Every structure is written in structure tokens, then in C-alpha cells.
Amino acid sequence: MDKLTHLDATGAAQMVDVSAKADTVREAVAEGVIAMAPTVIAAIRAGDIRKGDVLGTARIAGIMAAKQTSALIPLCHPLPIASVSVDFEYLETGVRVETCVRTNGKTGVEMEALTAASVALLTIYDMAKALDKGMVIGPVRLLAKSGGKSGDWTAG
Amino acid sequence: MDKLTHLDATGAAQMVDVSAKADTVREAVAEGVIAMAPTVIAAIRAGDIRKGDVLGTARIAGIMAAKQTSALIPLCHPLPIASVSVDFEYLETGVRVETCVRTNGKTGVEMEALTAASVALLTIYDMAKALDKGMVIGPVRLLAKSGGKSGDWTAG
Amino acid sequence: MDKLTHLDATGAAQMVDVSAKADTVREAVAEGVIAMAPTVIAAIRAGDIRKGDVLGTARIAGIMAAKQTSALIPLCHPLPIASVSVDFEYLETGVRVETCVRTNGKTGVEMEALTAASVALLTIYDMAKALDKGMVIGPVRLLAKSGGKSGDWTAG
Amino acid sequence: MDKLTHLDATGAAQMVDVSAKADTVREAVAEGVIAMAPTVIAAIRAGDIRKGDVLGTARIAGIMAAKQTSALIPLCHPLPIASVSVDFEYLETGVRVETCVRTNGKTGVEMEALTAASVALLTIYDMAKALDKGMVIGPVRLLAKSGGKSGDWTAG
Amino acid sequence: MDKLTHLDATGAAQMVDVSAKADTVREAVAEGVIAMAPTVIAAIRAGDIRKGDVLGTARIAGIMAAKQTSALIPLCHPLPIASVSVDFEYLETGVRVETCVRTNGKTGVEMEALTAASVALLTIYDMAKALDKGMVIGPVRLLAKSGGKSGDWTAG
Amino acid sequence: MDKLTHLDATGAAQMVDVSAKADTVREAVAEGVIAMAPTVIAAIRAGDIRKGDVLGTARIAGIMAAKQTSALIPLCHPLPIASVSVDFEYLETGVRVETCVRTNGKTGVEMEALTAASVALLTIYDMAKALDKGMVIGPVRLLAKSGGKSGDWTAG
């Protein structure tokens, strides 16, 4: 599992061929966290941020970014995304995002779920950075995927 | 410092007006890490990844993402980006990216540096995920910014 | 018909899941109008506009915008657009556009047809605005849709 | 005022040259309306729409569209947008949007303000269309512009 | 073969309707050349270019451009691209690129293969232009296509 | 002239820093040719192409592509493009395009002029390919550039 045959002798980058794969329902769930000072969390909760409604804006940014994933990640396949959800939860030390993306396509949507989470967190950073430039993004990681030939996977 | 006046009574999202700000040279430096199993690091170093040259591809993805930042982050201003660099370093536990973005504009380039780092790390995930879906992205954070009226800032 | 069950308790925006829907041929027809002074209509007809051929340019803009619909409208699904047509008609009081979009996909193409019409009209405004900034866009509306589980619909 | 010299003999479309123009602060204000049944207005006000928070989503869509204007409108110049605001007002017969865009550039931002208004209204249509496909967009029009050599303009 | 029925009386541009066509595996292979002085070829081979690794960057640019083809070419249909490869070969007089694109869709991928080749060559020009502005791109041409109702085709 | 100092020891790709350069008026002129059978030229002239008005569509595609250059070419700087023109001429053996791009910025617009020419020619190929898949694009080359510290340049 920790080694894969090269597709060509030179190791050059390429989009792996998925034309022979079947269209099946595939789902991926990712999560991410942004850590910040308690005063910043309080300001976000109170809507007390100069740029406006933070989590509502970050949700839209995450959803729209999921649809741009194949334009951002060079070797990622374009997929007909069937749904995206982006949900937030306040932590004592920041904000947690959980994203879920579904498609009916030939490859998985792990990258779409991770991209949605990353861009949602970057948007929170952008909106709150006038208060605190020391916010830290991460961990961002895949929680689970299902569908496709390689089968289901859940984070340990 | 932990409170900002609302620009309107409703708290609606908006792009903050920068039309009266001066064009000055501004720079931002960000970093990020992706953690992975030693076998995956070894595969990346050996060029032993099915999708091809990992860090070279991630570098281009990061540079191109920096230029798309204002299209991804809803309230971020478009800026004439003057330079972007994306550098990698192997750690024992993964890969570290450091990005530096410079502009001659009316607002800072923190978001561009953070976006470049995030997308570079997402690209590494994409290229190595056939080996290990449990890779974790983060911490991603700003290291320093300079230029503009708000002055210089360095991570504590 | 005037009420829909919330998908979650918070009312947060999300892309509705269409992964279980069938791919069927769907079509939408939209129309729009831009009102302008008779002298401007005459200038457009005569090709007497500094920026060039107005309706030919607006047609291409509308077609290309239809393909960008899911990148512009946050909760709109990306669809494999199968055809777009954008046709114009001179009125005594301006120009009328009629668009028709077809797909073989899981959701309708109403938004694509409306977006094509809107961007075509905005392009006419752009090209003629040196003559008349008082041009008015609208009404823009759906004329008909067919295909999909919700069935056919025609404007009353 | 109702006639302009052709820039070339053939009437071919082209981007008008603005390289000799000065960078000045320019502002444009536009408005638009979407008409809908009272039950739909009530559903939007109550947050009773399956796709989520309607006006918050439409605001972000309008702001992001303003930044994409030069990619949508063929002969429109790219501009360093300095601010965008998108505000809504409930009418008895629908929703009214007012947009304001500012730049420090070589041409006006009328198209950015009109594009923001149009895409905000299209987003409202998208989110409420499960309740009412007969909603009508328009009039969408420029209310005022200021700055630049051609001077100020206000709708009559 | 040298004449086609007009779809409408006016000759207006439109996206041809492919909604009734079947999804089949389709492939296109294109090639292109950029001619340059021997000293420039030597600099590229030696990695002696100020902007960095030329062919690695051009490969990624070509792959990403293939995915943007329907956004660049007005009447081109969006397609679920299943694979893209971009390979280079040094000639005595320059560099040759060969691209191969595959899809499982309703129309061919000739434009995607040609666009990938063109953008890869433009990227080489960009990276080496500090050394030689007189580089010449072309010929760029289709070598072969297969799949779809119109059948296979190979350059004579 | 045939050697440039590496900016870093590793040869990694990067956007060259232009933040210290002055904004000056810069212009670039490029040309390109597409060769095709006489019957295809005749069909284009007669408007006898199923997809519609060929050169009008190709002109808009070229202009819009010029504005997307920095999104397509990885290390190319975003520039405030001040004008783009795309002109065509019938040859006995095909069609010739000449593009002219102007900016008031920190780097030249050679890539914008070459990209506009390439995409205009690709659009001609797309629209006429039902008649002739053997059309050949090129030579595409820079004719002249002016402005900037490196001074004027004209093709030999």
C-alpha cells in the first residue's frame, strides 16, 4: 500500500486516467479548526466584526470553493458535485468546520471536502484578522470517505 | 484592539473601503505543514508517486492560487501581486511550506500568502492520498507582514 | 407549495443534494429586455457604437456566462451544458433577448438561461453606455422549463 | 451625445484604450428589484427556504460577482475594486437591492455595480425558485456615478 | 464535407446541441512546437532560467488549461475530463509538446488537447522570454482523435 | 544575454519580483496564423459555418483570453490591461490574426498579446473543425514590444 507503480519512466505529473471507472455515489467528510483568542471568538459570536457576518460568509466561501477544486488542484478531476454542506461549531479555543461533499462520478470528492474546509477557515481568518493576526489554521483532515472501488475509509 | 466599530447597523458582510489608502510595498510570509507517514515522505522524496513530481506541482499550485485569492475569499480585495515564492522543506514528520507574497497595493497580502500555503499543502495531499488518506494539514499561519499603515507584525 | 421543510435546524445555506436524481434532458427558456432611447437603438442597429458589434458580442457573453453559472450562483449545481442559444429582437423601446439552455443532468437549467439573459443585457449596457447611462434592464424572467421530476412549467 | 466616432473602419469589437487616463476615485450606485408572491417574501423573511439564508447568500454572491465583472463582460476593463456593498430592502411586492462599488482606477465601475445587483437578484431567484418560478427580475439600473473625466451622473 | 446546413437563418453563434448524443470514451492527441535559439534550449536543459523549472511548469500549465478549455473557447462544451497528459521532447531547434486528453462524454476533446498544447508552449515562452523574445510557437495541430459518432481521425 | 543568474540555488519556479518597478505604458503586438483548406476559408467568409460567425466570435475569445492570461500562465503577473485589439486578415492559405495589448503597469504584456492570438486561433479551429480537422495553428510570435526598462524590441 505504500508504493505505486510509476505511470511513466520520467515521473512527470499527469492526471490519472479515470475514463474506465464507473459513475457511483461517492461522499467525503472533512474537518478543520481555526484557533483564536477568546476575545475574537466572542467578537465573531456577537457579530462584532467590521467585515460582517463571519460564519455565514465562510459557509458560502467553502461551498463555492468546493466547486472550484479542480481549477485549484492541478491533477484533480472535474466532477459533477451533487451536494456540499459546510457546518460550524464554536470551540473554547476557536471554530471547527465540518464539510460533506457528495458526487455521482468517477473519482472521490476528498479534495473537494478538504478544499471547502480550508477556504472556509481562510475566510474566517480574513474577516477576523483585524482583531488577531495570530490565528492558526489546522488540523484540517479527512474524516471519512465512501463509495468507489477503493471502498470506505474512516480516520483512525 | 479586540473590538471594531460596525460599519452599518445590520452587521451585513461587505468589502471594507480601501480607496483612500496609499499604494505601498507590502509583504506577507506564511507557513504550513502537512504531516504524513515516513513511508509517504520517502515516496515523495523518491519521486515514487503515481501522479508525478509532488513538490514541483504543489509549488505551481500555490503560486497560481495566490493569484486567485480575491476570487476565493469573498471580502478580499483584488491586488496587483508583484511576486510569489513557495518553498518546501522536508521534516521528519512531513513537509513544511513557506510562502512569501509581495504587492504594491492598498491592502496587505496576508490572505494571498496563507492561500498559497493552503493550496500547496492540499496539492501534496491530492498527489499522495493514494498512499495515505490520514495526512493532516496544519498548522497554517502567518509568520510576518510588513508595509501599510498598520505597520509590521511578526508571529509571537 | 409555498412552504418547504428545512433541511437543518439552523437555516444555514447549503447545496441541496441531487446525487439520487436521474440524468434526464432538461431545457429552460428565459427572456429579458433592455430599454433605451431610440437614438441608442438606432446607433446599435447602425453598428455606430464605439466598442463595436453590440449584439454579436452580447450573444457570446451570454453563452459564456451560461457556462459560468455554477461559479456565480453560490448554491447552483455544476451541470454538463449541452446547448445554449441567445437570440435578440429589436423592440421600439429597446432590445429583447431570449435564451434557451439544454442539459442532460440531475437538475434544471433555469439559472443558466436567466444568467445568460442577464449577462447578455449587461453587455449591451456596457457597449452602449457612452451614449446613454439611463438604460434600464428588465423584466428578466423564465418563460418555460421542461424535464426533471418536477415536470414542465410555463410562465402564466 | 448620441453618436460616437468609430475607432476603426470595420466596427469590430475592441476594448477601448484607457492607458492615458488618470487613476481617480470613482463610484457607482445601482439598484434592482425582484418581484415575487407575498408568500415567497414571507418565506424569505422567515428563513423558511430550503436552501438557507437567502439575503445573506445573495449579498456574498453580489460582492463576488462584482470582482468577476471584467471576466464576464467582454470589453470591460479589469479594475482594482476598492469596496463593494450590497444592501437589501423588503418591498410589498418583492426585494430591492442597492449596490455601491468604488475604485481608484482609470474607468468607471458602473458595470461592477450593475453586475453585483444582477447576480444578487439571480441568487435570490435560485434560492426561492422551488416556491415560485414566476419571479421577475428588474428593473435593474444605474442610480448614480461619480469621478472620472466624464463627470458625475444621476438617474433622472 | 465542406458545407454544413445553417442551424438558423442569421448565422448567429451558438453552442451546438449535444443533449441527444451518447456518453462514450473519446480521446484526442495534439502536438506543438516552439522554436528557439540553441542557447535558449541549452539554458532550459540546464535549468538555467531565472523563473525556474521550465518544462515542469509548462506541463502543469497545460494540464490546468485543458480543464479551462470550455471557459476559454466560447462555443466549446464543458466535459468531464478523465485524463490529461503533457509530454515534452527536445528538438535541435526547440521543444515539442504532445498532449493526450480523454473523456467519457458527449463531444470530442480535440479543443482540450490543442488548448493544453498551446498553453504549455506559451508557458515555455513566458519563462524563457528574458533570453529570447524571438521564439516562435507552431505548428500546433491535432494528430489523432477517436471515439464518438464521427469516428476516428488521424492527421495525414 | 543568454544566461541569467538563478534567483535561488534550487531552480524552483517562482514569480519574479516586480514590486520595485515603475508603472509605465507598455505595449505588445503579436501575430498568428491558422492554415486551412480553401473550401474552409470560403465557408468562413460566406458565414457558412454551423457554429456561427467565426471571426466575430474569435475576436471576443481573444480579448477575453488576454484578461485571463495571468490565470493561465503560472508565473505571469496580473496586470491592469488598458486595451486589447484583435484583428483578422484573410490569407490565401488561411487566416492571420494580429493582436495589440496595452497596459500601464510594472511588466510587459507580451504574454497577453500572444495568449489573445493563440485563443483567437483556437476558436477559429473549434468553429471550423467540423469541416476540416487538419487545420494547423502557427507560427504565433511577438512582433514588437515597447515600454519598460528593457526597452523596445521588434521582431527581426
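In order of appearance the chains are A, B, C, D, E and F, and numbering begins at 1 in each one.
By our rule, a residue touches a chain if its C-beta (ideal position, glycine included) is under 8 Å from a C-beta of that chain, and two chains touch if they have at least 3 such contacts.
Keep in mind it's a predicted model, so treat the numbers as computed, not measured.
Novice: Along touching chains only, what is the step distance from chain C to chain E?
Specialist: The least step count works out to 1.
Novice: Could you label the chain D-chain F interface same or different, taking same to mean over half of its residue numbers are used by both chains?
Specialist: different
Novice: Quick check for the class: compute each chain's Cα centroid; which one is farthest from the centroid of chain B?
Specialist: Chain centre farthest from chain B's centre: C.
Novice: With contacts defined as at the top, give the pair, A-B or B-D, that has more of them.
Specialist: Most contacts of the two pairs: A-B.
Novice: Most remote chain relative to chain D, going by C-alpha centroids?
Specialist: E
Novice: Distance between chain B and chain E based on Cα centroids, please, to the nearest Å.
Specialist: Measuring from centre to centre gives 30 Å for this pair.
Novice: Using CA atom averages as chain centres, what separation in Å is found between chain D and chain E?
Specialist: 36
Novice: Using the average of all C-alpha atoms in each chain as its centre, how far is it in Å between chain C and chain D?
Specialist: 15
Novice: Among the residues of chain B, pick out those that touch two or more other chains and give their numbers.
Specialist: Only 12-16, 53, 56-57, 60-61, 64, 68, 74-75, 78, 80 qualify.
Novice: On the basis of the stated criterion, which chains touch which? Give every pair.
Specialist: Contacting pairs: A-B, A-C, A-D, A-E, B-D, B-E, B-F, C-D, C-E, C-F, D-F, E-F.
Novice: For chain F, which residues count as touching chain C in their complex?
Specialist: 53, 56-57, 60-61, 64
Novice: Give every residue of chain E touching chain C within the complex, in rising order.
Specialist: 8, 12-20, 70-71, 74-75, 77-80, 105-106
Novice: If we count contacts the way the header does, which residues on chain D are in touch with chain B in the complex?
Specialist: Residues in contact with chain B: 25, 56, 59-60, 63-64, 67-68, 78, 80-87, 102-104.
Novice: Which stretch or stretches of chain F touch chain E in the complex?
Specialist: 1-7, 11-16, 32-33, 37, 39-40, 43, 47-53, 56-57, 60-61, 64-65, 68, 72-76, 110-111, 114-115, 118-119, 122-123, 125-127, 129-142, 145, 153, 155-156
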